[in-house]
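In the two assemblies presented below, chain A is common to both, partnered first by chain B and then by chain C.
Let's look at the complex of A and B:
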């Protein structure tokens, strides 16, 4: 009954695996750029808008955060064509990842923006900065610096979530694994290998994003997190 | 014959929601027990236990839930255990939950002020008693909001086990779509059911967080 693990047939299919690996990276990096921008814009718009115009952003965030990524993916890939909007599986996957990440980062940026104390804004205004300048220099930069660790976790979670795109036959890392599995019948070996690749990717993302944070937001690392604002300590959510 | 998306189909969705909930509850109970072990190991005085728990959390959190599922599924089969998919799915979700809950609870335990440990030690409580009577009751309050928040993630991630043909809510949606060819309607209905489960939980998590923040000041 017990038999040896055989990695050789799996390694023979390395090109498929590498192709999938690269697609996972491309999907994740694109989704991080696009979704992160959506989050930043939505959170900024929400903080500028009068209270009664904040609901569209809140609705977006709640709808996305309280439904599974897989169902969002199905609505985009299977549902939208019924309404006449068609796209390839890759683009459907990217769109779903972007919309999903956008909602989570909106919430993270919002927490950061709300954690900036009123007195900071008043001090900025009293120095004759315009509202725009205050927002950019006094609110936004420190806010982003403060929530950077949560953002990094969220970015890694969306990279991991990209595996779900294999459900609609995107041949990213998990999709490639499924292909090789049906080809070689070495399921356990394939999935062990792919799991290790995901781990390495998560580690690489973490290191790269921390460096990016230090480069983009000098002084962010090592700064004591202010807890009086409250919501910055929120756990990242997938 | 193409069926339309009617009352029967909606009833089928609701019925499958039962399995989504069963999976969630199983994974949170089993995962919760594991998580308590992980959290306690993570902060134990034993450095090997600490290290093992740290690596366990890092690995499970650095891997997609889908991979945890496949490894449980094929790993168990490889070991000669031909378990029904629902069992493998429950095991996978429990492992997933244990790493995240373990990390949340570690944070909660660690955020109980040091003085509480010192005061209870000076009352000659053993470490077990310190946990039982002093530390854990206080950490529960801190841990509750993020725990409920994580349960929302768990409910949503049960959708992934549809790939090993466990007929939970998402799989039921797929099956109905296959006979009705009304994907938009069907999957929006599925999303609405998830929303009905998750939204109240998210609200509760936020409420609890606001309520308990008062106690944490200082």
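Let's look at the complex of A and C:
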């Protein structure tokens, strides 16, 4: 059966797609800022608290990481109104994305914090820095710089997960695609276009966030690379 | 060691690809009969036309019609539920030979698939809480109305409702119903049959039908080049309309017989 790609009907609906694209960007950036902050606060709170008081963060992280995002989204959008808390679909989506991202970034920050060797902390304390100063400058800054690539990848994942919000009637990029597809029945064309848009958005986020990392935390993490040249003086491997 | 890992990986990938390769699309009756099964797509959440029972098997009006068609074809019936926006793409992609999925024949859809004559009918209604003052389409101005994507009620509503009505689009009728139950929208547009199911499940609900805004007929759909299959389906539909088998299914699931003046084409 001869199959031709017809992009014209899809391009005619381009404003819907662009509106959805913009909504995806807004949702993702907001969720990244809020979720990232929540993660940093939670990881800090857990690190600095005595062991007996670490369980609230542990509970939060385990609850969110071990349940599907769609289920969390449905509970917030369809379940909370039963308790009297009603919010628009967009805010429900943002809340779900923020809570979800917060849990994952808490663990990423923890990995960074725990990678700082005790000798660093002892060195800081022996220089008469307060506990808080040690945590901020000796532990947190290098920790965040070390896990920045991991954070960037988690941020991009939550941007892609925003497509799940289309299930609660948010007309972000995937919702717009479903709308256009149900109008024109050009499913392959619409989804090719949307794939390209998501790809471009993810690359843009990656570049922007990498620059942000290098600007915020210059030189705080090493840039080790394993090469088989003679630079580090090691025996080249065959 | 790494070569062994590579070998295992490529064998697994090869097996996975081979297993997931699908049979070619059946374009004619003979292909279907030779294959021994007919793949029919139904709607995933449209009571009473198709729902999934407690064991996970699809049941309903459309499912009964599908089984009847399979009986007349003389092959096994493989029924797969699809969400409303996925019905036509599943047909176009060859995942289903035909869809009996509460699809109504509209000119836009007829550009992508071929429709048989209608086999069932339902009313499209607007449902809202009892204390809501919505009485007609004009009252929807400024309200938020929930509707399922890619459905005739979405098309009919967006054409007739006032310009400043806000729409919340969901993927199927059950989610749309849920959005009204959780008061996330002011009203919803759904088939009357879906609402009757809700009334059966929750008779004490504070929701009621406000008005009917569309009468909808539903057809089966096949791919655009499956002329033979469509002609056979039309012949069979005409036959089971005459001998009352289609009426029996309609009475079983909706309590009404089929109207005597359904379009024929």
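Everything that follows uses one rule, which is that the second predicted complex is superposed on the first by the 220 of 238 C-alpha atoms of A that agree within 3 Å, B and C clash if a C-alpha of one lies under 4 Å from a C-alpha of the other, contacts with A are read in each partner's own complex, and residues count from 1 in each chain.
Basically, a contact is a pair of C-beta atoms (placed from the backbone, for glycine too) under 8 Å apart; a residue touches a chain by one contact, two chains touch by 3 or more.
This one's a predicted model, so the numbers in the text were calculated from it and none came from an experiment.
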Chain B and chain C placed together on chain A: clash or fit? clash
Exercise. Does the superposition put A:58 against chain B (first), chain C (second), both, or neither?
Worked result: neither
* To do: Based on the superposed arrangement, let me know which partner A:167 touches: chain B (first), chain C (second), both, or neither?
  => both
In the superposed arrangement, does A:90 touch chain B (first), chain C (second), both or neither?
-> neither
Winner on chain A touched-residue count between chain B and chain C: chain B
Quick check on the superposed pair: does A:66 touch chain B, chain C, both, or neither? Answer first, second, both or neither. first
For A:114, decide between first (touching chain B), second (touching chain C), both and neither. neither
- Message: Applying the document's definition of touch, where does A:82 land relative to chain B and chain C: first, second, both, or neither?
- Response: both
#### Entry: Which of chain B and chain C A:194 touches, first, second, both or neither
first
For this session: Mind working out whether A:183 is in touch with chain B, chain C, both or neither, as first, second, both or neither?
Result: second
Query: Should A:175 be classified as contacting the first partner (chain B), the second (chain C), both, or neither?
result: second
So the chain A residues that chain B and chain C both touch are 1, 78-79, 81-82, 167, 187
In the complex, chain A touches chain B at residues 1-2, 62-63, 65-72, 74-75, 78-83, 156, 160-161, 163-164, 166-167, 174, 177, 187-188, 191-192, 194-195, 198-199, 202-203, 230, 234-235, 237-238
The chain A residues in contact with chain C across the complex are 1, 77-79, 81-82, 86, 89, 167-169, 171, 175, 178-179, 181-185, 187
In the complex, the residues of chain C that touch chain A are 25, 27, 84-85, 88-89, 92, 108-109, 111-112, 146, 149-150, 154, 168-171, 175, 178-179, 182-184, 223-225
Touching chain A in the complex, chain B uses residues 59, 61-67, 70-71, 74-75, 77-80, 104, 146, 149-150, 152-153, 156-157, 159-160, 162-163, 170, 173-174, 177, 182-184, 187-188, 190-191, 194-195, 198-199, 202, 213
